[in-house]
C-alpha cells in the first residue's frame, strides 16, 4: 500500500512498522502467527562479537503496563549469526533487515560493523550504545556525548551502510547525544532503548531480577519516548526510528507526529504476538479516521 | 500505632505516609475525605520566593497508568504561604509539615530557606532542584553534581532545620548527585520528582500540553523510582524519602525494601483522594501478611 | 455542611442510550442529595483509563441524575459500552454550579456538549418563573439533541448549526445578533471560541461554564487554573462557572 | 503442522472451584486439538496485569482442559475471581511436554503446584500400561489436592508434607530414599530445590519440568533461558521439560 511507505535513508520500507531488537529473536519465533514479510523490516536480536549467555535468571519482572528484562544480550556471537541465522532468515523473510550490534569496547563495535559491511541482507546497522544490562559496558557509551561520538566515529570508518545509533534514555540530555552522533556521521537515530528499573519481591524483600536492575519497556514508557523523539527531532536532521511503548496504530501516529520516520515495537510483541500485524492492518483505518493521506505527511507534524 | 512509626532525622512520624508536594495543595483540599492528622506529614505545594501563575493550560495530559503535568509551580509566593497558608493549615493539621521550595537562582533558594528557618511548623525543608516545568530554572540545578552541590551548600548555611534535597530522575547518574548533596550537608534525599514526558493530540498532531513537555508521574514510573532509591541507598548514609508511582501499601513496602525511610504519594491522591488513608489503613494488614513487625525493620532490606 | 461534601458514590445505570451521533444519555440512580444547584459536575471513574472523566449534571430529580456525553476518546468510549444495571463510580459534588439569576428574564446559550448542564439550569429557572430565551448550536442535525426538551421549557428556542442541516446556518452568536438578544443576562456553556464570542458581543452580564483538562477535579493539583480579575481560580472548585465580569481569556 | 501451531484461543469456563487452600481447579471448554502430550502449558491473559500467566495443562479430554493453580499474586487472584460461563483468553500450545517413557515402570514426583502437569501425564502413562509409583509432596494437609485422583491411577501413592499434617513428615526425597525408589525412571515437577534434590539422589533417568519467569512464553524474548549440556535452551520452547542427562543447575 503506497500510502504506508516510508524511507530510512536509501532504504524504502513498505510500512513504518518494525519489531524492535530483542523482542523478535532472529525472525523465526513469530512464524506461527503471521508472515513476517508484511513487516517494514525486522531489527534482529542484539548481537555481540563473542557469544554470550547473558544474565542469570530471573530475567523478567512485571510492572504496571510494562516489564523489566535483564536478558543481558544473550546471543551466539556475530559469526554464527551471520553464518547461520541470516541464512535461515533469508528463506522466510525477503526484505532487508536491521542488524543490531553491541560491544563492550569500541574495537568490538568496529569489528562487528566491519563484518556486516558487505552483507547484502543488512539494510541498516543499528548500533546499540545503550543496553543497560551489562555492567561493564553498554551504558557508558550511551550516557555521554563524547563516548557516543567516539563509537559513531570509529564504526563510520568501516562501513558505507546506513548507520543508526540506538540511544539510551537514561541521560540528562538526549538531544546533545544525538547531535554528537550526527556530527560524527550517523545516518539516523534509533530511540529509545529501555529505561532502567527495579522491582522487589514482597515476600523476601530481595530484587526480583537476579541482576537487580533491568531494562524497563512497554506502554508505560511511551510518554518518555515521545518527549525524547520530539527533542531529538528539533536538534538533528537525520531520520529517527521511534521506539518505546508503542502498542497500537494510534501510538504509531503519535510517535511520527513527534518526529519519527519509522517506528519499532518491542514488548508489545511479547504480550500479544500479533501486535505488529494488527498495527499494520489498523494503520490505514486510523489514517482514514484522522484524515491522513500518506503516512510520511505527518512526520514531525508536532513541530510545524 | 507504634509499629508504623518512622524517623526522618530528628523528626518522628506516626507513619511513613506523606502526600507529595503539588498534589495536596496547602493541606486543605482533602478535608472532605479524611482528617489529615492521620498522615505522617504533608509536603506542601512547591513554593517560590515570588508568586507564580505557572504555565498556560492545558497543563494535564493522560498516560497509561500515569499523567503529565505542566503546572509550573503555581503558588502565591513564600511570604503569603508563610503568613496565610501556614496559619490556616495549623488549625486543621497539628503536626510538623515538609515545606517544599523551588528557585530560579541560588539566591532565591537561599532566601526561601532563610525565611523558613525559624518557623516551628516546618519540620523539614524539601529543596526541589528538579522541577522540569520551568524552562529557565529547576532542571539545571538537579541535572548535574556541581549545581546540586552548590544549592545544597548555600541553603545549608542559612538553616539548622533538616534539609532534604529533592532529586530529578532525568539524569544519567542519580547516585552521584545524591552523594554531592550529602557531601554538602544535606540531611536527607527526597526522590524522585517527575520524569519528563510528552503526548500529542491525535487529531491535530500538536502537543497536548501548552508547554509541550510535562512531568510524568503515577504508577507507570514506580520501577524507575525503585531503582533510583536502591542506587542512592547504596551511596549515601542519609535517609531517603521514596517517591514515585506509589499507590498501595504493597508499594510502600517495596519502596522501603529499596531503601526509603518514609514515602510520599503524589498522583495517586489525585486519582483517588482517599489513597493515603487507605494506604495507612492497609499497612498493618499487609505487614501482618508479610510477617513484618515494625516498619523500620524493612528499610533497605533489599541490600542485606 | 456534611451535605455539601465531595465524596465517592456508586450509581446504578438506569439506561445508557444513543440520542444523537456519538452522543449518549446516561440515567443513574443513587445518592443525588448533594445536587443543590445546576452546573455542578461529577468525575467518573473509567476502568480503561488512569484519570477520571468530568461530566456535567444534565438533569436530576429526587433519586436520579442524568448525564449527556459525547464519545470523544477511550474514556467516553468505555462509558458508552456500559449497560443497564451495571454500576459506575464517580467523585461527586464538584464545581460551584450556576447562581440562579434574580432577574425575570434569561438567555441560555449552549453549544454541542456544552448544552447538557444548561438543561437542568433552564428547568430550575423556569420553576422560578424566569422567562427563557434559548439558543442551541450544533455541528449538524445528526449531532443535535434535547431540542424538544428545551422547547417544553420555552417557546423561544433558536437552533443553529454549522452546516444549516438543522435550524439556521451559522453560530449561536449570529443568532444573538440577528434576533437582538445582546442585552439579556445570559448563561452559557460550550466550546471556548463560542464562549469568547458570546462574552465579547453581549452587553449584559452572564455566567460562563468553562472546560479545562483536569488532574483531580477537586482542587488539589492546580491543573485547571484560570486567570480571573479576582486572581487565579480553579475551574474544578471556584468554577466551572465564572461571571462575565471576572473572566479573563488566557490567550 | 497447522495442528501444532501456537495460537490465541478463547475458552469458556465450565467451573472454577476452590479445591485446597488458595488452590483452584478451572475447567475450560474450547479448542484442545493441539494437546498432543502432557506437560505443555498455556499462557493466560489476565486483564489485571501486563504479562500473561503460564499455567500447565493438568488434565484434558476431547473437548475440555483443566488447570489447577494456586493464588500467588495479582494475576492468579484475578483468575480465581472468574466465574462459570465467563471467557478467558490464552496463548496455547506452548512448551515441549513430556516424552512418554517406553519402560514399563515410572516414578512420578510432584511438589505443590508442580503436581498438576503430572496428573495428565500419569493418566497417559497408565493408559500405556506403565506401572506407576507416585509421590506427592505438599506444605501441609490444607494445601493438598488430587490425592484421590492419583490413587485411582496407582496403588502406590506416597504423600509427604512439611508439617506431617498429611502423609509422612518431610520431603519427597525422603520418601524416595526411605522406600528405595532411587532407580526408577522418573518424571518430576515442583519447586527448584525439590527438583535439584530429586536429580541428585536418583540413579535413574528422569524428565524434569522447570519454571522460569517468562516475558513471552513463545520463544521471542530469551527471558527464560536455561543452560543445559546441549547449550542454551528456552524453558518456554525447548522446555519446560528437560532430561536429567542434559540439565545443569544455574547456581
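Side notes on the structure shown:
We just call them A, B, C and D in the order they show up, numbering each chain from 1.
What we mean here is this: contacts are C-beta pairs under 8 Å (C-beta built on N, C-alpha and C of every residue); 3 or more make two chains touch, one makes a residue touch a chain.
As the structure is a computational prediction, the values presented were derived from the model and not from experiment.
Touching subunit A and subunit B together: no chain.
Per-chain CA centroids place subunit A at a distance of 36 Å from subunit D. Centre-to-centre, using mean CA coordinates, subunit C is 58 Å away from subunit D. Rounded to whole angstrom units, the spacing between the C-alpha centres of subunit A and subunit C is 46. Annotation for subunit A: residues touching 2 or more other chains are 61, 63-66, 219. Looking at subunit D, one finds that none of its residues touch two or more other chains.
Viewed as a network of touching protein chains, the structure reduces to a simple linear path. All chain pairs in contact, by the document's touch criterion: A-B, A-D, B-C. If you check the complex, the residues on subunit D that touch subunit A are 5-8, 49-52, 91, 212-216, 218-227, 232, 237, 250-251. The residues of subunit B lying in touch with subunit C in their complex are 22-25, 28-30, 32-33, 45, 53-54, 56-67, 69, 71, 74, 208, 218-219, 267, 269-274. Residues of subunit A that touch subunit B in their complex: 61, 63-66, 68, 143-144, 170-173, 195-200, 202-203, 205-207, 212-213, 216, 219-224, 226-227, 230, 245, 250, 253-254, 257-258, 290, 298, 301-302, 304.
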